[in-house]
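Have a look at this one before I ask anything.
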Amino acid sequence: MLFRATNLNTYYGLIHALQKISLNVDQGEIVCLLGRNGMGKSTTLKSVMGLVPPQSGAIEFQGRSIFRALPHKVARAGVGLVPQERRIFPTLTVEENLLMGVKAGCQPPKDLEPWTLKRVYKHFNSLERRSRNKGSQLSGGEQQMLCMGRALMGNPLLLLVDEPSEGLAPLLVKEVRDVLLQINQAGVSILLVEHNLKVAMSLAHRCYLLGKGFVAFEGTMAELQARPDVMAKYLEVS
Amino acid sequence: MKRPVVWLAGALAVLAAIPFVFGPLHTNLMVRLAIEALFAVSLNLLLSYTGLLSFGHALYFGVGAYGAALILTHLQGIPILVAVLLSALAAALVGLVLSPLLVRVRATAFTMLTLAFGQLMFVLCSKFREVTGGEDGIMGWTTPPLALPGLFSLDLRQPVNIYFFAVGLACLGILAMWFFTKTPMGSVMISIRDNQKRVDYLGYQVVLTKAVIFCFSGFFAGLAGAVYAVFNNLVSVGGVLHIMVSFQPLMAILVGGIGTFFGPILGSGLLLLLEEVTQAYPELALMISGVIFILVVMFLPGGAISFGARLRAWWRKRAYLRKARESEA
Amino acid sequence: MRVLQRTIWWGVAATVLLGVTLGTGPAQAAGAARGFNASAVADMTGFDPAKFENPSGDVVKIGVLAPFSGDAASVGQIYWATGTWVASDINRRGGITVDGKKKKIALIKGDTMGKPANTKQAVEKLCLQDKVDVLWGTAGSHLTAIIQAEADKYKKLHLNSGSLSDTLMEGKAFTPYTFQHIWTTHSVGATLAKFFATRQERKFYILNQDYVFGHELAESFKAGLKKYVPDAQIVGEDFHPLFNKDFAPYLTKVKASGAEMIFTGDWIPDSSNLLKQSRQMGINLPVAGIFLDDINGLIAVGPEGSKGLVFASELLINFQDGIQHKWHEAWKTWAAPYNTPLYEWLGSTTGAYAESLYWLLDAMERAGSADAEKVIKVWEGDEWTGLIGQKLTMRACDHRVVRDTYVTEFVSPNKWYKDCAFMDKITTIPAEFVTLPQPKDSSRCK
Amino acid sequence: MSPETQMYLAQGIHGLAYGMLLFLVASGLTLIFGMMGILNIAHGAFFMLSAYLCVTVLGATGSYWLSLLIAPLGVALLGILVERFMLRRAQASGMGHIAELLLTLGVSLVLAEAVKLTWGTEGLQVNVPSALAGLVNIAGLEYPIYRLFIIVLSLVVLALLSLVLFKTRLGTIVRAAVSDPGMVSALGVNTQIVFMLVFGLGSWMAGVAGVAAAPILTVFPGLGDQIGMDAFVVVVVGGFGSLFGALLAALFLGELNAFGIQFIPKLSPVLMFSFMALVLAFKPTGLFGERE
């Protein structure tokens, strides 16, 4: 097992945002977190990353505990984050943004081909043209690509991807989907939060469905499709 | 139902007894406590309930104080309560006038904007010395007695009388603010603190609520300032508009307990007590309060009011452990 | 104009006469009327303000009201140094005779923190809890006004040695319990103007701190010039914020104005900064003022930079004077924070503070009592010989002192400080030219 | 040169000198704000402390240049200690930025008092180093060399700062962390160490300014109050976290001060705060800032 979280409890002040959430991601898997707005999907990713430290529970990554570790420790263990708001550094150039992803002094995993500027530019060819531009000058789609590229520069084994298709035009959504597939085929496991059920269905191997802070359903995508009652109760009517 | 009544009666009895038990010196100290507690609670409405840190609350205190001084100097024969209320209203009006600008900003920008307005008022009052008397301020007016014609007339220069006047007004003001936090508007206020964006969905309520809070908080800060003026018979920029006047209630809130309603009152009391104790070593007084200040932020962020709760928790834990050990044995 | 002056002068003389008559009764009872005799100062070996201890038993208590903490703590330090000096001197001599027995002097600190509310609280504590006999202080007219009001309320003697405001003893503010020993802004302006009447400079630039005192001082200087140097010109007038950082923009204006002399009421650090920055900018104009004796600041600009400064004071103690040398010898044993050049010699501020206390205690002894009413009776109209043998009169009707004032020019080299210029020949301005007229509105002044 | 041109030139340079000094103080403040979201109230006290350290080092070694080296380093060390052992703990208290503001307020109170206990309450003096004493002729205007040195020193520090910020990995991290420290840590950078370093760097800059200002000012416990306040205004007006904004605002305030005194001396203190209130009211992030 690459990643396992057990009974995570996280609070925002007095709000009990995550209530005993357990989930795992296997090597090479794409696992999707589904659920309505405000159910705790993003909070789960932030808790794993250490940005919103969980109160109790356990998180293991490659057999080692990263529970309540500081974000940079989590990142250095091999977890990358593609956050929801993209959080591109607006005053840095595209290239500097990418280089920020490099973890100085960290060896890339042996069995994976390391990510370099060249390799990222190959995958996201729109970025190379704009390498001298400031982060704030990019379009939404470009920012999404830059955000993924930046995370990859750290050679993660597990990528936490939060709502990558949000606010993008259908054509770009497809591009994002393709890129995620390519990354996955290159050996990176992905824990994905996705609003767009169609995208999720076409990408993920398994999924967790979140109710208000708890896991309401887990299983493969096919098993989910077989349960229209669960989908009606916990997903948005589309 | 009965218990709070007993408590309240007890508290009132103690308050009423103070000037007769203690001498005029400590009675006057209690007047200062009443003024500072009222001021701190009014600031606390912003800080603990709305999440806004103000560095310029002296602005309202100063307007109230100067208002009272000017009214009592120039409008002779005006009943004292009317003068004090008018001054507090003037401070509320300042809050209203500034609110269109203040509602727009949050976080540090809010802190800096309040700092700017506070300092601006300080500079302006120092400059317009024809009206304000500059640094020397306004003093020596004749304070009319607190009187109901034909019923009673109390000379406010007497420590006992000014004590009941100040403590009475402070209690009324603090009670009014206490009830305010319990109203629906009070809850909107708390939700602004917790998540302004979410409250924004409710439309312009945020703006309106904030404006009301600025006026309300300004009113009671102004009331505290007006009582200060009556008590001291002197108002000067250094005493009522200096930046340290803005910091004083902040310290009281912090030392007493941020995020609680009664913490600031406890904090004001503790700070005055500290001042009494350190008076024997004046050269070290500020140093000691600075250190206490740092220690509180670092080690007792809930302030003194949380100390009791912490102690109780620790005691319970100890008792529990002892019981567990006994049952093991 | 001259008629008015003469009337005033006659008024003063008459009052003095009246005061003397009133004062002779108790004075005679206590022995002869006395003055200050510098050679009578006790042997002060081993004296150190930092180690001062209050005598026990039946004592005369003096409450020292000054800022002992906060930004102005240096003022509190000066009060303490001079207060403990006088108290130690008197105590070593055995105390003063009050109520038929010798009583020693105790000092109790009342920290004003420079804030009105704290001042009020401190006065109340001194009056009600410590039960002091005298309140002494303070700097800042708004704080002094509070002490006056409280002194009146609690009927305690109050000695004001720190606040120069003209109006403290007038109108409703007057209280018979307060005596203003220090000179007033009117006298400052008149003193300097009278001094310049005999000199060449005619173009003055006024550069003062932008607060009540700064403005009052500017007005008093202008009034003095109008009276004594009608052909003088004010070529510029600016008021800068307290604790100003950069004087360069002001100094550029001063330079362009063609001024021959800068008049300033600034005190430290503003006075030192003004001087220092002007010299750095190559502007060697002389400066006239009343707080220019900050020795640290003078040393910073050196002998050349400090030459030609005009310094006015109500009390300039000659370096040859006996008390000056006693102080100077004692100073060597003082510990921090009193082991600095500021305390090396008895300066105009330290000297005036000490003088005021000596006078008060002398009046007390002659009254044979620490009781306020009895001391007032002796002190009103009292004539007394000051620290440097000068004649001082406590005007009965408004409790202000009628006295000569002094002006000196700083020269280099001088015998006392080799790192800067310092005072030389002292010009005495007779009291008749500088004394504030008696208040017209007071029924006591008839 | 006509007297009028001379006046404009002189006031212009006065404004430039004060503006650059202000920028030295404000740039550290704005960097710290950008990264940690707090306005360090104790920043002015660091400035003041550095001037006092300068007095001591100067007294011990007799060398102004040595104190220019040592005093700011001492202040930087203090800044690092305050960050590491106090601020970090305050940040963990869960009170948000309020705790940090109040904590630094406490630190500034303690520093002001500690200085009095150590160095006494009297004003102390530092002389202009002899190499920089005297005047220089600028197109007919006699101008003190030392004030020009302040401008040059500020420029040198500014150049060093830009070199670090724009040419090194640390600089990239700092610039990134100014806009989003959380994301930087999620990319594997130990931001706690970066915070500590930047706090030290910011304090160092306040320290350099303190030593630079010491020869023209009397060193006394309230030395940092006014310049600290001015630096807040610069940070706020320039935009929270924006170095460029701080530079423009500092120069603008410097010139406003000089020409304000020349032409409208009665109003000059009012101008600054009115300007700050106006900017905040209409652009809560400051002129060039992105965060509130």
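A, B, C and D label the chains in the order they appear, each numbered from 1.
Everything below uses one rule, namely that a contact is a pair of C-beta atoms (placed from the backbone, for glycine too) under 8 Å apart; a residue touches a chain by one contact, two chains touch by 3 or more.
None of these values were measured; they are calculated from a predicted model.
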item	value
Contacts common to chain A and chain C (chain labels)	D
Gap in Å, rounded to a whole number, between the CA centres of chain D and chain C	39
Centre-to-centre distance between chain B and chain A (centres being mean Cα positions), rounded to whole Å	48
Residue list for chain B, restricted to those that touch at least two other chains	127, 283-284, 286
Chain C, residues touching no fewer than two other chains	69, 73, 210
Overlap residues in chain A, where contacts from two or more other chains coincide	none
Contact pairs between chains, per stated definition	A-D, B-C, B-D, C-D
Touching residues (chain side chain C, partner chain D) in the complex	69, 71, 73-74, 77, 210, 238-241, 243-246, 248-250, 252-253, 256, 268-269, 272-273, 276-277, 280-282, 294, 296-297, 299-300, 336-337, 340, 342
Contact footprint of chain D on chain A as seen in their complex	49-51, 70-72, 74-76, 81, 83, 87, 89-92, 96-97, 99-101, 103-104, 106, 150-151, 154
Residue numbers on chain C that touch chain B, as the complex places them	68-70, 73, 76, 109, 111, 113-118, 120-122, 124-125, 128-129, 140-142, 145-146, 149, 153, 165, 172-173, 210-213, 215
Contacting residues of chain D [partner chain C, same complex]	3, 6-7, 10-11, 14-15, 17-18, 113, 116, 120-128, 133, 135, 142-144, 146-147, 213, 216-218, 220-222, 225-227, 257-259, 261-262, 265-266, 269
Chain D residues within the chain B interface of the complex	33, 37-39, 86, 89-90, 93-99, 101-103, 105-107, 109-110, 112-114, 116-117, 229, 232-233, 236, 240, 266, 269-270, 273-274, 276-277, 280-281, 284-286, 292
